Amino acid sequence: MTAAELVVDGLGMKFEGLTALAEITLRVPPGEIHGLIGPNGAGKTTLFNCLTGFYRPTSGAIYLTGQRIDGLPPHVITGLGIARTFQNIRLFANMTVLENVLVGQHQHIAVGGTDILSTRRPVYPTPVERILILRGFPRAAVNGIIEIAGAIARPPRVRTAEAAAVARARDLLAAVGLRGRENDLARNLPYGDQRRLEIARALATRPSLLLLDEPTAGMNPQEAAAMVALIRRIRDEFETTIILIEHQMRVVMGVCENITVLDYGRKIAEGPPAAIQRNPTVIEAYLGTRAIQGGGHAAP
Amino acid sequence: MNGRQGRSRLAWLLLAASFAMVLAAACGGDDDDDTGGGDVTYGKAGFKTIEIASGQPIKIGYSGPLSGDLKGIGEPILKAVELAAKGKTIKGHTIQVIGKDDLCSADGGASAATQLLQEGVVAVVGPVCSGAVVAAQPQYEQAGITHVSPSSTAHKPTYPDRGQVFQTFLRTTYSDDIQGPAQAKFARETLGAKTAYVVYDTDAYGTGLRDAFTRAFEKEGGKILGSEGYEKKQTDFKAIVTNIKNAKPDLVYFSGFYSEATPFIKQLRAELKDVKFLAGDGVKNDEFIKGAGADAEGAYLSLPSPVYTGEAYKTFGDLFEKETGIKRDASPFVAEAYDAASIIIRAIEKVATEKDGKLVIDLKKLNEEIRKTELDGASGKIKFDARGENAGGETPVSLFQVKNGAFEQLKQ
Amino acid sequence: MPDRSAPPPPWTRTLARFRWPLFVAFTCLLPFLLTDVWVQMLVFVALFIVLGLGLNVVVGFAGLLDLGYVAFFAAGAYTMGLLTSPGSPIDAGLDFWLILPIGILIASIVGLLLGLPVLPLRGDYLAIVTLGFGEIIRLFLINRDDLTRGSQGLSAIPRPDLFGYRIDSFTEWFYFVVAAAVVVGFCTSRLRDSRIGRAWEAIREDEDVAAAMGVNTTKYKLLAFASGAAIGGLGGVIYAAFIGFISPAAFSLQVSIDVLAIVIIGGMGSTPGVILGSLILIGVPRILQFRETSDFLANLGWLRDALNGLISALDAATPGSLGRLPPAETWGAQLADDTRFIIFGALLVIIMVVRPSGLWPSSRRRLEFAHDDTPPPAPVTAP
Amino acid sequence: MPVALTLSVSFWSDQFVNGLTTGSLYALIALGYTMVYGVLKMINFAHGEVFMLGSFAGYGALVAMGGNDLSGPAVALAILGAIIVAMSASVSASVVIERLAYRPLRGAPRLAPLISAIGVSIFLQYLVLEQTSARAKFYPDIFPRGALGAGPFEITYIQLFLIASSVAMMALLYAIIQRTRLGRAIRAVAENPTNASLMGVDVNRTIVFVFILGAAMAGVAGVLYGLFFQTIRGSMGFIPGIKAFTAAVLGGIGSIPGAMAGGYVLGLAETVGRELLNELPGVNLGNQWRDVIAFTLLVTILIFRPTGIFAQRSTTRA
């Protein structure tokens, strides 16, 4: 894995007439920890959803290390190297900790055929393309059969791949401090551990760009500090670029090398923490200076 | 989630395809079943000998619906069978009727057959429904148990797909192949109908009779203006009635049961007072008159039985009403069931022999004896042909018209 | 919750390890202990175990609520019927063993056809669409009678030969269907414990997140439909060969409901649950009609007397007068009719109320290596 | 065998009225499904049987009041009485079902209540079949016959009555939901039961009320069905139940206007829609294809609007 460069060019997103994002242009160099801040409803999570393929942007383009990715389906984008966590933790609650991480490794466990349906093709085909998709269908079916046969027969290749995946999953869990909890159900973990598990699961996809949506939300200062350390370590050890949405200004200012500020779906400022803290537009957007300078929760 | 609408695009094509399928479904034509007579060859039946210890009853089976909607048909038939067996003794052995619910289904028919075989029955009245008959025939044939259906009118039991005719199957009622053409002849000649609109139950009975009637009616020079089916329990026939109103046929032919005929004729009469209405044995039932009231007046109905006027019918009818409290006309096929049971019992009487205090019944002889039957029974004259078809009636189909709230028989 | 207690004694582990072989061995003894009537009932039970295992893939593993499972069962059965019944317009007289893969293939294609348009649907929307799909298939079978012989059905479907030996008696069929169930059970459990199974489970838990983890949800939902359908098709082919006669009446919504109830009553996602569910849903209504049941009930004269005593006491205490229970000898006969289904309906409600997760819910499976080196839970320390 | 349609205006108007009639019944029953789904997220499979019980209760009431001998203004009173009796019967049945079969399953796995509901449905259906020996009952033929007409347009009195009273009932229900405290409570619980209970709404009581309102609609539908089709039987609830559920999904399950719209769309699709398809060359879809059309329509609509005609679109997620 090498850290990726993200370029967002003139991105716009509209929901039935409502503008959620407008003309967002952004460049995050490889290996940077980049902060994304702004008041509630500024469009931060919407931007994440566009980056990960959950939403199809209505205008603009997104490039990951030079490759255009907007319009690709989420699982393809994941395969290309973007992983994320969620603001309101979304683990597979009834699966074990280990299984959660194994799902994250989904694309890296060999089973037989290749993932034909995940061919890097936009999901919004023209009528002609619709027919072409159908033409790819038999190949996908054959791959499906191979995969099923592999799962049932469990040849040595599959066993090895599974064992390797389990070993890696254990390493990842150890890295985020969840050693020994492998067989707990995810829903039985304490809150802070659930955040860590989300990060381990995201790392399991082998990302070159990691999107963290409020990783310290609901944490006390000690826990938050530990999370900051973890984020730094991830960037160094796993060689990823990281973008994080964060409301705790102490965290943002402490860990980010550069910060983008969104308000009402527009980029209002960009720069290193110190510059952002002094930026009058930003201060105005946050309804006064207290939030920015005082740390803590900035959102109203 | 508009981000992933895209994947439903694939579905577009499939949708179009499914539409095409539905449309294609509409354009198919019927191709005719072959109703060849020809040579009759039997399969191999596994006749055995049954011994009954002294003091033990002789067991006769019944297989038919005893639960759900069709219980209303099955229960009276079972009672008629029990009536035929009541008080009879053969060489000191009483006769016990064992009734099994087969739900009128294929699975049920097969399960009931296994249970009856295990009980050690010597013969069976039933199965009542054609679907159960076809599923159970091989089992009975293999065990050599003669089964006489009082009510299965479908083509298939006597013209099996396998080609070889089942030696152990007989019926005391008449096949659709007889009723349908008789109805068509009546419609063309007596009623003078040139055009007809067919409304049918989509089940085995409804479609079987529909095919027999349609073929014969067209052969007689009539024209079918439309043919529409319904699923059992449908009560809303307004759309069909509107189509009938629009097609203006001389005759509405209804191939189904009274339970749907009742709401149908009410909705039909609400719009069309005069169109002639003809239906088969499934409708000729007191419930029809009771339910449809004045709207039933003038309806023509046929029954694949000779006229129920014989002395035997009167005797049976009186007995049946007295013993069961069910009116003799209230339920179809009870006389046929009584006859079927009587035929079996008479044959047992003839072939049963005693040996070491045991009653011995040779199933092959029993089968032959039953096949030889000539009976002037409650449901009319009964005699079986090589296929097991009842060939006894001279006029096997009788016709009725509802007049003043009663079925009045028509002279032919 | 994780199992942190002391390891169980070795003999229970051995037993646990061989529980399935032991169970199958016991099952194989059954025909020696039971009469034909019971064995025939068990053939149906085993057949519905196969169907239940198939639906379990769709509903239990992938969480896709399918109320039209009968469509796949019908696809398999009609493949067999149309290609072998002398009454069929396209009778090819093919061998059972040739038709088996064809039937499975056709059923899977039907599964994909259903899967594609319903992919974007979730939860109960899926339920009604699949229900409709099952009905469409049945109506198609009824109304395109030029192709399918409609309600008249297809009969004289031949029975299969195995190494030149015809599978004919109920006992032979029992072994045959149990063998099929074992194979299917093995396959589904292997699937569950694979990458595919995890992907299904992830989709069931949270479809969006599964996609974000790189799972191609479209592909895996289709795979779930197709595998479930394939198993349904297998069941259909076997059913047609067993019963010898098929008509659309045997493929009503009732079958879909029965199979779904088997899966839920047993406990979603659980293989022993499917077995138990099938015994209850398919076995009980039949057993209630058996002679043995009547005989058993006939011995309950004492119960009747006791209950009647209670009723008399009630009568004495209240102004009204209640009837008396009929003699116990007639109780069996009463079960011949609707009473059987009244009891059955009440039973479903009672089971669900008493055990909402099913009779035998799937225990949290552990990965094979779970016991190897799991240290005691480490205190969670900040990195 | 293509039917030669002359396609008169009166033909289409007749089919349209037929569609509205059927659609009214679907809509009335669908309301019960959709409201229960709205608050409990469960498919109340026994709702068709609640409708059946209402129909039988109404029948009993009509017969007790004189049956076929009723005439003149007494008929109107008797029908009103029958509707009230049917509503009470349906409501009591529904409340008992909720208490015994559904409430213990609150919070259970999602599909447990579904199977419980199927159990209730089987139980009630066979109980009534047993009690009636599976025979049909015939509603007294007391409703005045005849039709209102203007030129090619014609509607029978009974159809007019059926459509008008359904619409009136639905309007009443809508008013209850939109205008009353109870309605607000129902909407709050449907939105989020936890929040609703935090706001002081008695969730259990509200859920019971939802069952009561749904069952009352089903009871009315039962009497209207009986008066119109005149034949009722123990197994009558199943098909209208499935159709009404389809209608509820079509409209967007959980949405009250959706259920009404879904009912009418379905009713019209089965009649007018089918005949329109028959206008295409080479197409001849008889009545036997009506369910195929109904379900194909359902799939089509759900492909374009995966959550039904009236469901709100959620624009944000994750």
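Order of writing sets the chain letters: A, B, C and D. Residues in each chain are counted from 1.
Operating definition for what follows: a residue touches a chain if its C-beta (ideal position, glycine included) is under 8 Å from a C-beta of that chain, and two chains touch if they have at least 3 such contacts.
Source: prediction; values computed, not measured.
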| item | value |
| --- | --- |
| Per Cα centroids, the chain farthest from subunit D | A |
| Most centrally placed chain, judged by C-alpha centres | C |
| Whole-Å separation of chain centres (CA-atom averages), subunit B against subunit C | 33 |
| Inter-centroid spacing, subunit D versus subunit B (mean Cα positions, whole Å) | 35 |
| Subunit A and subunit B: spacing of chain centres that average the CA atoms, whole Å | 68 |
| Length of the line joining the C-alpha centres of subunit A and subunit D, rounded to whole Å | 47 |
| Where subunit B touches two or more other chains, by residue | 1, 4, 7-8, 10-12, 15, 18, 25, 67-68, 71, 75, 202, 229 |
| Residues of subunit D touching at least two other chains | 126, 129, 134, 288-289, 291-292, 296, 299, 303, 306, 317-318 |
| Where subunit C touches two or more other chains, by residue | 117-118, 120, 140, 142-143, 208, 211, 218, 337-338, 341 |
| Residue numbers on subunit D that touch subunit C, as the complex places them | 37, 41, 43, 100-101, 104-105, 108-109, 111-116, 118-127, 129-130, 134, 242, 245-246, 249, 253, 288-289, 291-292, 294-296, 298-299, 302-303, 306-308, 317-318 |
| Interface residues, subunit B side, partner subunit C - complex | 1, 4-5, 7-8, 10-11, 14-15, 18, 25, 28-31, 66-68, 71, 75, 99-101, 105-107, 110-111, 114-115, 117-119, 131, 134-135, 138, 154-156, 160-163, 202-204, 206-208, 229 |
| Parts of subunit B lying in touch with subunit D, wherever the complex brings them together | 1, 8, 11-12, 15, 18-19, 22-23, 25-27, 67-72, 75, 202, 224-231, 233-240, 242-243, 245-247, 259, 262-263, 266-267, 270, 287, 290-291, 293-294 |
| Residues of subunit D defined as touching subunit B within the complex | 1, 3-6, 8, 11, 14-15, 18, 21-22, 126, 129, 133-136, 138, 141, 145, 156, 225, 229-231, 233-236, 238-239, 270-271, 274-275, 277, 280, 282-293, 296, 299-300, 303, 306, 314, 317 |
| Subunit C to subunit B touching residues, read off their complex | 35-37, 40-41, 44, 85-89, 113, 116-120, 140, 142-147, 150-156, 170, 208, 211, 218, 243-247, 249-250, 286, 289-291, 336-338, 340-341 |
